[in-house]
């Protein structure tokens, strides 16, 4: 798995999305969220937290003290990404700087919520990649009751299970079923090599026609180029 | 509880909503759904079904055969209302006429989904009150995987637990925490008696000022009216 | 004005909208509302009520007792239409059956709110045309503070002033500036006569080409038809 | 084709949607529209009209007189359904009663627009099934320029080509690629027979488990039932 | 008041929001707006401007010349924040660089609009904190008529009165009722001290459990830490 | 035309929007898109690409190989802006870094799509101004079929024709009918000169009253200022 995660760190979510699409996984992107650290790549293993809508009796029993939200953050392990189901609610926070700091201390790889982030500037300063719908100053209790951890959740329109591989960059975030992760990562790397070649050709003025996607002639030139690349990289 | 349910059948959701609001329960209405049987009142005890977003691997394991959706309908008992968490998704059905017929056969009181209904005309003909976001012809598998039953769900922005009391009419649907049901039902009945008096006065041309809400003078006249009412109803 | 209101009762909002459009009034329809009495025409003179977002201190001072909402309903005069600014809020009522009954008693012509209606079934039974975004059981105080009456309001994206002429049917509701009402009503009547002729021709199988809009040949035939119509109607 | 259209008239869109889904056609429903004639089935062959956003110069050249909208309606043939691309715009009409009457006179099977309908009550009275986002009194020129006919359009999120088979009922409307129409219609009929059997069993109190979908034992009973059905229907 | 404003400048909106929430003020955040100067804190006293939907006759009388919008900007005093009610309209500007420059010259503390900003880059260069829904090039007259100043307004779903205290940072903007400002500011400062301590503990690896919120043992350690802090800060 | 384009590069979209508004062109801004290169001005001549909703048969015939999307990019000429109709779809990309690189190589002035951009970071690095609804990792085929080029399109609610002049900055993007471009550009330059003067006066503390818009006295001072400006600029 470590090797797969390393591979995933080297490929764009756009490429991973294409490889997943090809395998019938068309709804694996977490929609409507954006990163707080543009330019940073996120790769990790999903842990989950599920919030439910606010109700006084449920909040009284489950909202205070060492609630599910806090237990979720406190139990993060290195390389994990906490994925929070917040029903796309844009009128309340789902975490703040204290919990983000705890996640960072524990070596978590990142946080993804389809709700909002409080203390957004402080959270960004902590440096843990956090994807959210927006910043918002309100407490979680304005709209949510922290409910349970480590269950399958819906986040930004995608199903996410504990153990899924989460991959994010500035384009967005994907939840990759673990049984596909290695295969998809390798195929994505191969695709990116092709696209590097194509980009190089485009930058020399080659037209798209025949090149993207590559016709047999270009495939042959690509094979040569790839061999040369390997030689260079082997030196 | 039977007595409470009987009381609830006699009061409007508008009145129940007011009584719940007064007790701090302001977010207990299931938003964005409408009834398929205008003029019909719905009262029953919540059972729940949770759907998660479609993903091929999860659908393969959980979507077919005797899935959570079918188990939920098959296990309904008289007087129950199945509440379905569908994330407000308006591009797929969450039940059709076969399952609605099963619910009706089992004596269920109704169905509430914040997703859509297939075969909407056939479902209405079955005569079981069904609140949904809209009709839609698509299979559940276009957007959902049937996931689990008898857990706390989010439906139309409200938290709903198995055992909650569900009350609906043309204004909408409420999820009433069971510990409040009796108290709220009684207070609602009392409030409706007041409003019946007020309406009668309004229909005679009395101005709102002082009457709604009632000032001491009107309260006194109401007390007299109420006694006379009881006498009439006792005969 | 009475004569103008009578004329307006005889023309469709679609025709009035066209005449207003022609005069540069393109944003006079109140969007996102629907009637509770399909098939009923609404014509009257605007009175207004402005709600503002809920806040505890403001609600305490302005929300209870004989508030702006109740003063607005209590002061309606025959033929008036109460137009309520509710910011398109779909999670709370803005009036219920008691206030609708008072409006009906006072001879008001109708109610328009871009928020919701409580006790929607009871309100419809009262028989006063009420245009709203949706039914909803919640009290006004879930989202609003009744604020002031008889000011210019925004309702469904249109500006409405006390004294504007409100005209509605199943297509929607328009706010007509009073200085344009007579001119627009007359032009709409003339247009509807033309369209009646055109419809008659279409029902006889005449193609749209040349007829709608009418070319000179059709205009001539229309002139003849109109004279005959008048003769018939004069008898 | 006539035979296929006849078959399609006998099956629900819910069943057709299921059959199309099975064949990989998951995005063929026209979203966000509703019928003006509940209980009426729509089946026909698509013709198309494309509107573009209003701009004064384009409207001057293309909006008036015998424009694309009017040419589209005037050229409808028996059994055709006019599908209008209106970008889901809810603030302007895309047709009114004169054009609907022309379509009805020409024997068109129906109209589908993801925009609005003017004179909605008059259009319903004409009796031609019309699916639209909502009624609206405003002229097409408030938001649109009638642009071209008989091209591929986007309507309610679905691609529709002239010649596609349009099938609608209260659940919604589907655009069926013509090469699939016969196959899908037949498979849908077969599926509905199964569901009729299942519904009958459910109405007798049979549980869903094993019955829906049918296990081998139920399949056998179904085979017997189907033979008996055929016998009955053959008499 | 000056002292209170100074206190408010030292606390985050997330903390203020928590303190207001605790006192029942849960709907005081102005939703859907973002700052043009990330990292800048906004604190000031509200002045207000109310826009209504565009209509030709109203615009002709109220839209041109020295209109309500211009009077509002021209009358700003040092430390004031102009809050503009624009109904969340995203298709027109509500101010541009000239008016922003005037506000800055007069020493205003900031601008908040739930509509858009024209010349957004120039406005940001002026350096006055401006919270808006988005940039947009269109004139105010595309959607609005400048209507009145110094009245209670609705902005981003919150009620705002002249004299309210406006506090903003990257998380969003709050409208604080003046009678609560001092109390809330002090409580927020106390809360932030606690959170500083908790953050310090988290950064040393302490678990959330028992620390956030603090149990008695941690409360004691916090008391010690606070005394030491004061000593350090007193030196 | 080159001269007009040069003029347009010197004026803000806010000013152009005002000049177009004055001439009745109120709906020429492409709504809901933002630039990837803040601070960069975009001016060029429109080319167009129209996407339609995904459907398997249409994608098979039109989606692969040298499709309309690729032909559009491959045929761009210096100074052109590719405008893509993507129906505001936020769940799929409409271009990625390879095509953006090709556009840049060919000297295109920019790209505008009301859909999303894949590889958004790489596209920004290429340095070609690209206005889009958002970044998104998914392939175009998740939602679209590349359909046709060089036709009139709808983009962000505006009609855009090949040959229109596209002008963008941080406020947004406008589509200017070519016959108005020169006139509007000149009038905008004149207006900006006035606003420069007004801004200078505002920065000296002059009130808005009488100055913005200018009364006769200020107009005179402006005339003097303008002469002095010209003298300075002539030296």
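Order of writing sets the labels: A, B, C, D, E and F. Residues in every chain begin at 1.
In the analysis below, contacts are C-beta pairs under 8 Å (C-beta built on N, C-alpha and C of every residue); 3 or more make two chains touch, one makes a residue touch a chain.
Small disclaimer: the values here were computed from a predicted structure and weren't measured.
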Subject >> chain D reached from chain B - shortest hop count over touching chains >> reply: 1
Subject >> Partner chains that chain E and chain F have in common >> reply: A
Subject >> A-E compared against A-B, more contacting pairs >> reply: A-E
Subject >> Same vs different contact residues, chain C with chain D, by half of numbers used >> reply: different
Subject >> Distance-maximising chain from chain D - centres being C-alpha averages >> reply: E
**OP:** State, to the nearest whole Å, the distance from the C-alpha centre of chain D to the C-alpha centre of chain F.
**Re:** 38
**OP:** Round to the nearest whole Å and give the separation of the Cα centres of chain A and chain D.
**Re:** 39
Original post:
So how far apart, in whole Å, are chain B and chain C when each is placed at the average of its C-alpha atoms?
Top reply: 32
Subject >> Shared interface positions of chain D, touching two or more other chains >> reply: none
Original post:
What topology does the chain touch graph have (line, ring, star, complete, other)?
Top reply: other
Original post:
Can you name every chain pair that touches?
Top reply: A-B, A-E, A-F, B-C, B-D, C-D, C-E, D-F, E-F
Subject >> Sites on chain A touched by chain F in the complex >> reply: 12-14, 16-18, 21, 26, 29, 31-32, 38-39, 169-172, 174, 195, 198-199, 202-203, 205, 207-210, 212-213
Original post:
Which of the residues in chain F come into contact with chain A in the complex?
Top reply: 64-66, 70-71, 73-74, 90-91, 93, 96-99, 101-102, 105, 118-122, 135-139, 141-142
Subject >> Residue ranges of chain B in contact with chain A within the complex >> reply: 24-25, 27-28, 52-58, 87, 145, 147, 152-154, 157-159, 161, 177, 179
